[in-house]
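Here subunit A shows up in two complexes: once beside subunit B, once beside subunit C.
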Partner chain A sequence: MAKFKHFLVAAPYYLWIGLFVILPIGLIFIYSFHDLNGHFTLNNYLNFFKNSTYLLMAFNSLCFAIIITFISLIVAYPIAWIISKFQNSRDFLILLVIMPMWINLLLKTYAFIGIFSRNGTLNNLLANLGLGRHQFLFTDIAFILVAVYDQLPFMILPIYNSVIAINHSLINASYDLGASKTQTFWRIIVPLTLPGIKSGVQAIFIPSLSLFMITRLIGGNRVITLGTAIEEHFLSTMNWGMGSTIGVILIIAMILIMLLTKESK
Partner chain B sequence: MKKLGSALLGIIVLCSLLCIFNFNLNRNTSGAREKEKVLNLFNWGDYIDPSLIKKFERQTGYRVTIQTFDSNESMIEKIRQGGTTYDLTMPSEYMVEKMRKMNLLKPINHRKIRNLNQIDPLFLNQSFDPKNRYSLPYFWGTLGIIYNDKFIKPNSIKHWKDLWSSKYKNAILLIDSVRDVFAISLISQNQSINTTNLNILHQAEEKLVKLTPNIKAIVADEIKMYMEQEEGYLAVDWSGEAAEMISVNPHLHYFVPEEGSNLWIDSFVIPRTAKHFDAIYKFLNFMSEPENAAQNAKYVGYSTPNRGAKKILPQRVVQQRAFYPSDQTMNHLATYRDLGAKIVEEYNDLYLEFKMARQ
Partner chain C sequence: MAEKTIVELKNINVIIDDLQILKNISFELETGKFYTMLGPSGSGKTTILRVIAGFSQPTSGEVFFNGKKINQLPPNKRKINTIFQDYALFPNLNLFENVAFGLRLQHKHNSEISDRVSQILDLVQLNGLEKRSVEELSGGQRQRVAIARSLVLNPKMLLLDEPLSALDAKLRKKMQYELRNLQQRLGITFLFITHDQEEALAMSDFIFVINNGEILQSGTPVDIYDEPINHFVADFVGQSNIIDGTMIRDFVVNFVGKTFECSDAGMRHNEPVEVVLRPEDLDITEVKKGKLTVKVKSQIFRGDYYEIIAYDEDHNKWLIQSTNPVKDGAIVGINFDPEDIHVMRFGEKEQEFDARLETYED
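After this line comes the complex of A and B, so read on.
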């Protein structure tokens, strides 16, 4: 009876997970085995691995995702560390980090178009400094910058949480035992914040593999990722099978990343 | 806790009131539906003059509802899945052909259309719908080149092949549309824009890859913004988009290369789901009245196929060769055909490959 009661209480959650997690993933999986005419086929997968376009695209996406994740990490770690040092105002500072997440990504991206364009803020500044106008929009660097900007909070927050959880007596003990600052950092602090780094990497790497809107608005479709291909297959070519196949491959990549960054016990 | 309870009660009361209100509203409109006094339009965004709708409603007493779509593909998907009650929609020509083949359309009874003779025969009896059994031309336009005369001397660019010139390094804004991008390459090689020959298609793709150093970006609606703000000075886009840009930045000019281009025709069609046939024919007749068609063309900015309307439109509009090209150029224009799923897939794969190419 008690078990039944438990089930009743949990039912909405089961329903939620079933409808919005398991069912969609199942549908993607099923679609990925169908061709344009709705017949069963393995060709989508064969196509992905035989066609140099898709492999190159996967490689490109991987490179961009690694670069974006790495830059986010180097930028986010000091920020998280510095914020944690402000005993009194750190909640407020974290709020400042979170605040941009409340603004729609599309709006933020359009703001960057205004900053990067030929008559935009950045070029006006450079021109006033006598450095001339340059092409920023539609370059790889602009794309990476906007992607990092967008993802940064997802890296700062978990690292910050693990930084404030560090027991300071461990750091003091390290100094007392004669460790230098660098040694303390690499041997004590980094291992203690590793869980934060791992969840930050997980939260950024996978979305970066499938970024699509920024590739078009900031990258001008000169940067093509797997996300762009999925968008195109679903919206313009109507080849849902191939789109789903790329989706399944991304899900598998995600599982691999999860396994690689899993807590070792 | 008490506060929470009363707040909850308030929400429940409000919800039930809204439900009752909604139910009543639905009953009223379904009553109207029985009297066949509605017309459900499924249109592109901002593609009809709203004051014409008001005029139609006043004249006939029908109530017009408008829902919008942003691509032919999303439109056909909604109609194919059923459950909609659209009476009229306006697909592009290749989509008319596809819908016709998929039995998604109902034939148009020509005897009920008064002003059929007003439509320029140039746009009738096209291969996508022989004898116009299912479609009635609404607007038409072309694919062409837009440039800014501050950066490019007029007449220094005339043909599609000029886009490949090394003068325009990293300059071109390209419309993100498979068929249009291939059309550029195919026409510059004197091939049909509806080719199904895979060899020719591969050659066209190779030629497009050679264009990549000149391409600044492959985007869609944003071209308008970038050209108006002079982020770019050379673009390939559709005539109606160009008309809008030019009205904002007079330094911009649009032209259709004389060797040929795509002619697209958006047409009225009656989807399978249509119910209000009286209203449909009243509306089609209303829209093909020359003065109404002219007013609509002034509002929308695309070219009208209605000869009577063209006479009413100001001379300076009709004489613009960019938007109403000479007969000689018109003869070189071609519409897209629906090439079937297999060839379309080939186009798409090659297009993706082209986009992947880096200079």
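After this line comes the complex of A and C, so read on.
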């Protein structure tokens, strides 16, 4: 009876996970073994690994994801650290970090088009300063910048949480035992904030592998990643099988990254 | 400045947000002694420690270490180590690495590090636990790791911020002995912070009693216990009966309407004073043999003695320690010797107090 009750309470969650997690992944998996005509095939996978375009895309995605994650990390860490120092106003400052997350990604991306375009804010400013107009939109740098901007809160928040959890007497103890500020940072603070860094890296690296909207709007489709490839296959070429194959490969990559960055305890 | 002085504080004031945490603190600490800073929480004793360690800057005043002014020296450059109240062991490092932390910073060779660490772990009896995570250790073990982590650096001085307050009563007693032993064997100066007067009396060579950011009295445990300077010290250090009285003349004091011979002098005639009688100095006797007559209100068995609460005819409360029980409600006499009476003047400062004692004590 107790078991049945337990099942009843949990049922909506099982149903949710079944319908919206397991079923879609299962479908992607099944689709990945079908060709354009709906016949079973292994060609999608063979294609992926034989065709240099796909491998290059995978490599591209990986490189961009690494760069985006790394830049986010070195920007987010000092921000999180500085915010944690403001004893009285840090809740408000964290709110400022969270606020952009409430704005739709598409809107933020369009705002950047306004800033970066040929006649945009940035170019107007440069022109007024006599530095001339430059091409910002549709460059790799613009793509990375917007991707970092968009995902930065996901890096700041976990690091901030691990920073404020540090017992301050540990830092004093480190000084007391003769450590300089730099030594204390590398030997005590970084190891103690490592869980925050890891969750931040997971939260940014994995989605960065499959970005497609920013790639398209800011990268101008010059930056071809696995994310844009999936979008293309599903919406343009209607090759759902190939799209799904890339999806499965991304899922496997994500699982690998989760395994690599999980707590080693 | 004495030759053996290791630390000197001169007119230290600490003001934080308009609040005076320390008021003109000055003292000298000699090499190799066990000092205790005794005071209630919020008295400023931890701030004194932080000023010496370098975690807090005094608003004014000077800190000297081995004769050199160290106000500007950061904590990592001071040859003073601190044992923190919560031990502050690094959770990311195991026991060995916690102890080795300071040596690693000095880039010592691995062989030297492991030699020195195992030596110090022998000393604090933690050998064999090197690979343990510090989170698996008991309170007493953590305490020892914190001590080992500091001692391995051969500090000239150790500051201990209420290090025993998190331990249970029995372990606390044991660690009191261990700390005292360690200090005497190594000859390092200890400055121990506590709010526990028993701990202070048991462990120290010298005690500073501090309240509201001021040092009220300093001296050996016996001095402070036997001759407290004022009501606060008498009340805070040990148990006391504190009664209002009048100093008739030298060596004669009046309280509870009676006149007694005492061993204090140097006050004005008929000066109003407070009189301290320790509960263990009071002996219960027959009414006619007693100097005072009291009625027993209640008593508690404390194991090694009975704590008796009684009232005299003037409704003054008397705390008495006795090895034998008495009957509740019984009327008994209490007896004491002239030297058991300690007379305190109102508002007397430590210097005046010491000077007055000089005039009549041999």
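Note that in this section the second predicted complex is superposed on the first by the 265 of 265 C-alpha atoms of A that agree within 3 Å, B and C clash if a C-alpha of one lies under 4 Å from a C-alpha of the other, contacts with A are read in each partner's own complex, and residues count from 1 in each chain.
Note that a residue touches a chain if its C-beta (ideal position, glycine included) is under 8 Å from a C-beta of that chain, and two chains touch if they have at least 3 such contacts.
As the structure is a computational prediction, the values presented were derived from the model and not from experiment.
K.L.:
Residues of subunit A touched by subunit B versus by subunit C: which partner has the larger set?
P.N.:
So, of the two partners, B touches more residues of subunit A.
K.L.:
Identify the partner contact of A:137: answer first if only subunit B is touched, second if only subunit C is, both if each is, neither if none is.
P.N.:
first
K.L.:
Using the touch definition from the top, say if A:115 reaches subunit B (first), subunit C (second), both or neither.
P.N.:
neither
K.L.:
Determine, under the contact definition given at the top, whether A:183 touches first (subunit B), second (subunit C), both, or neither.
P.N.:
So A:183 only meets subunit C here.
K.L.:
Who does A:167 touch here: subunit B (first), subunit C (second), both, or neither?
P.N.:
Touch status of A:167: second partner only.
K.L.:
May I ask you to decide whether A:175 touches subunit B, subunit C, both, or neither, giving the answer as first, second, both or neither?
P.N.:
second
K.L.:
For subunit A, which residues lie in the overlap of the subunit B contacts and the subunit C contacts?
P.N.:
Residues common to the subunit A contacts of subunit C and of subunit B do not exist here, since the sets are disjoint.
K.L.:
Write out the stretch or stretches of subunit A touching subunit C in their complex.
P.N.:
Touch residues, subunit A against subunit C: 167, 169-170, 172-180, 183, 187-188, 191-192, 194.
K.L.:
For a test of understanding, state which residues of subunit A touch subunit B in their complex under the given definition.
P.N.:
Contacts found on subunit A: 36-37, 51, 53, 56-57, 60, 117-119, 135, 137-138, 216-217, 220-222, 224, 228-229, 232, 235-239.
K.L.:
What part of subunit B is in contact with subunit A in the complex they form?
P.N.:
So the residues of subunit B touching subunit A come out as 71, 73-74, 77, 170, 176, 178, 215-219, 222, 226, 229-231, 341-342, 344-345, 348-349, 352-353, 355-356, 358.
K.L.:
Can you check the complex and tell me which residues of subunit C touch subunit A?
P.N.:
My answer: residues 53-55, 74-77, 81-82, 84-86, 88-92, 101-102, 105-106, 149-150, 153.
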